[in-house]
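Both complexes below contain chain A, partnered by chain B and then by chain C.
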Partner chain A sequence: MSKFEFPKSIASRPIWGTLEVRSGEHHLMIAEAEGAEAVIDIATPDLMAKTHLIYIPKGTDFSERLQALNPAQFYESPSYAAALHRIRRVLEDAHMGLQVYLTGTEGMMGQAMNEVVAVGLPHTAIQTEHRGSVARRMQCVHCKGVTEDVEVDPFVCSHCGLNLFVRDHYSRRLAAYQGVRVDAEDHGNVPEPKGIYE
Partner chain B sequence: MTIQFNDESFRDDYTFHNSEWAIKRFPFPFHEDSYMYSVNMEQHRGGPEGSVYEMRFDVDEHYVSEMKDRAIVLDQDPLRCQSLPHMTLAGWDLLELIMVSKSEDYPDLFELHRNGNQWRWINKPLGIDHSFTFMDETTLPYGPMEYITRQAQGDFAVLDQRDEMLWMDAGMVTTQADWSLDFDIGMNFFEWHAPVPKAHEMGIFKRALKFLLNIQQGAPARRLNWTMTVNPLLDTSPENYHKWGIQKTTLTPENIAHKQHLRVELQTFFRLPRSNALVFPIRCYLCSFQDLMTVPKWGRRLHRVVRDLPVELATYKGFIDNRPMMLDYLSQFDDGLPTSPGVWPDLETEPPLSK
Partner chain C sequence: MSGAEKIQVKVTEITPLNELVTRFRFERVDGRQLPTFSGGAHTVVEMQDGGITRLNPYSLMSDPFDQSSYTISVRRDDQGRGGSLFMHRQVKLGDEMTISYPVNLFSLDLRARKHLFLAGGIGITPFLAQIKQLELLHGHWELHYACRNQALASYADQLTDRHPNATHLYYDDQSQVIDLENLLSGQPLGTHVYVCGPKGMIDWVRNTAAAEGWPEDCVHYEEFLAPQPGKPFEVRLASSEKVIHVGENESLLEAIEREGVDAPYLCRGGACGQCETVVLDHDGNFVHRDHWLTDEEKAAGKKIMPCVSRFEGKSLVLDR
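== the complex of A and B ==
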């Protein structure tokens, strides 16, 4: 199952939606990994004929099924970072009324949302749906470095090497959750890591 | 009155200290023998003479040393002061508010001479005499918010107001109770308060927001908040928590009297005239347990508050592990006598400790 029910949390934690078809002349979809299934779930020939679809497989293989939907434009990118330049270029030409569909991990959706809002599109033009990995994009509050795809709590900051615990406090501007040194009051006492939702 | 400014540190050797004057005017935050969250807003229109509530921006004996500490923090981490691009006008509003208030409230310390947009600002304690053009950023060494808040005690959150909501869009934050401006900048009122336990369910933030959205020019408001800090450390930031967190474990029965501090925030709220932003100064006052115990009423009351505080709040405020040791110390100053209502020390009327 690619759908996950996130437990109830604090007010800064994002709540993701469920994609639905919206009317409009232009549609941009970014599907990461199992996010492809969310696109397949809503795809209609009419919608896809007006859609630029960007697919980031991250180890999945939905390429053929997505192309079979006959999107107006299809692009497969090895990573979000690699796709970013293309996404920005597409958004540069975007007109009011563009409908944006983001589906995949929280980290990808959060970052892409910032790109969309940065060009002046209203947040109401963006739909999201979480699919696949529940890993988080984490910012170390100490060194400010971002560690992608964090699946366990606590985890080691990929920049400064401190052991950080995973908070639910989330910054939309950074598209990241906050990581804080777990053994700050008892150096070296680091609990055994476990899955974030275990 | 003339203030004698202390030469003191808020880090390393911790030479911070309160004079007897500063202890008597300490903003003790508990008006009764127990504590629970409340919106607890009141008008900020002066207060008893000599109290921290009297002036719009209180200046005390720690002023010069606090500004030195702020400069150290900013040297080490410039991200503690940030302003999103649309907040520059609010920065000028804030500069004007502080300069006008301080020059009127403390004419012996601060002077502001205005001739149209040509302004001259004299800050005697910090040795500044600076002429600049109001609203022209090129005539200041920093942006307007940073310039003036390097000369004003306390943290400053500058909140934009739009869509019936407040947004944390600028700030100078170097003396915070464990929250990060760099992380929270751009968040709305509910988001940046998200980590606070219980208060959401109690409706505290909804009511507070409603109140704050309606604050008018010339009618500022204030409230108190509090926490506990081991050592008189101003910079209890999450950024540096990996360095200072360990200090909490250095508390012993022998050193608790001078090492454990009650940390009180005097929070005020002012509407800014041009930007319609809201500025939220958060002024931090520290007082050691041993100094607080010189006021018998506060000794009795602090013991009862700390003893009866719900576990969740003591955890959030970060002193759950040290609470038993705190109670061992504080109980010596609680003889069970009743306390008078209100926050004031009432030294003339409250009985001395009888045990």
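== the complex of A and C ==
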């Protein structure tokens, strides 16, 4: 099951949507891992004939099923970073009316959303749907380094090595949640890590 | 006192532009500087017309950073309620008038990478200020301006002279029409469209943009509604403990003000939402004319915008 119901939280926490088909002559879909299922759920021959689909497998294998939908363009990218140049080029050449669909992890959707906002589309116009891993992209508030795909709380900052508490405070600009030293007052007193939603 | 803060000004220039449009320049009576504003802002001009106080909103068209004076352009409407006729016929050079601080309900979205302006007739005025603002900020803009004919195309010469590549004119009498579908579909991602003109033009642009998949937040429009005359009716103002009579040619808001009740307002044109008033009880039908309440709210009959909306029926009680 690729869907997960996030528990209710503070206002800072993003709320992801459910993809729906919108009218428009051009569509850009970025699907990461199980996000492919969200694309399959809304795909129609008419929609896919106008769609540029970028798929980032991240260990999943939806490639054949996605290609069978006959998108106007299909690109399989080994990582989000590798897809970035293509995403920027597509946005640079696009015209108003382009519909953007992002689906996969929170980290990918947040980063891709920033790319779309940077070319002037309001964030409210971008469709999102969370699928697959609930891991978070975290920024360490102390060293500012970003650690990708964090699944446990607390975790060790991949840059400065501090033990960080996973907070629900989210930065749209950084596309990351905030990680704060968990043992700041009492060094070495670090709780046993467990899953973020456990 | 409700509404935006007031400024006492003197009329220092009256310039007829063509058969229908006249420009007025205002400077402060106390000689101090006027506040800066942002392109798209309007001011509410108070007119003492016989026994009636008229309060009409007009878009500021001068340079938003020029604090020495404000200018507005007024199109004479012979069928209107008289505000524009008052400006054209009664206002003289040197007259002192009261205007409001600038209020902006039609501001530029500065996140946009390009601003596409669509003007119909006198709807050109807010764009004149926005263009000056964008020129200072080195913004990217393009104007498509439709008018009845060349003689009535206010400021068209000035615009084509200063911005020949960004200004596109269309004259009805030469059967020239904006090629809207292609114009919109060809815009680069990150364009915002702004439309100011008659209702039909605003609807045309909003509908075409929506059909082409433009996000709602990228489509901006401004239409000031003038209150329309209607059947007289009675209203009970519960908090003020008054029963007032709304005449045929005045708005509900104007009648409330005439009775000395201080009611909130800003745009007086059904757009800003400031005058929203709670309906406590009613027996009859609302004539909702504003752009503020949603269709559900209008159907529910719990709220009314007294600046432009009216009531037909036996009784109406407002929480005012």
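Basically, the second predicted complex is superposed on the first by the 197 of 198 C-alpha atoms of A that agree within 3 Å, B and C clash if a C-alpha of one lies under 4 Å from a C-alpha of the other, contacts with A are read in each partner's own complex, and residues count from 1 in each chain.
One rule holds in what follows: contacts are C-beta pairs under 8 Å (C-beta built on N, C-alpha and C of every residue); 3 or more make two chains touch, one makes a residue touch a chain.
Predicted model only: the values in this text are computed from it and were never measured.
Upon superposition of the two complexes on chain A, no clash is found between chain B and chain C, which fit side by side.
Rounded to the nearest 10, the angle at the Cα centre of chain A between chain B and chain C in the chain-A superposition is 60°.
Counted by residues of chain A touched, the larger count belongs to B, out of chain B and chain C. Within the superposed three-chain model, A:Val141 lies in touch with chain B and out of touch with chain C [touch as defined at top]. Of the two partner chains placed by superposition, A:Ser79 touches none, neither chain B nor chain C. Of the two partner chains placed by superposition, only chain B is touched by A:Arg172; chain C is not. In the superposed model, A:Asn114 lies in contact with neither chain B nor chain C. Residue contacts after overlaying the shared chain place A:Ser63 against neither chain B nor chain C. Judged by the touch definition given at the top, the superposed model places A:Met96 against chain C, while chain B stays out of reach. When the two complexes are overlaid on their common chain A, residue A:Pro122 makes contact with chain C while staying clear of chain B.
Of the two partner chains, chain C is the only one touched by A:Arg22; chain B is not. In the composite built from the two structures, the nearest CA pair linking chain B and chain C is 6 Å apart. Interface of chain A with chain B (complex): residues 10-13, 139, 141-142, 144, 162, 167-174, 178, 180-181, 184-187. Those residues of chain A lying in contact with chain C across their complex are 22-25, 91-92, 94-99, 117, 119-122, 124-125. Contact residues of chain B toward chain A in the complex are 79, 180, 182-187, 190-195, 200, 238-242, 245-246, 248-249, 321.
Those residues of chain C lying in contact with chain A across their complex are 109, 111-114, 184-192, 211-218.
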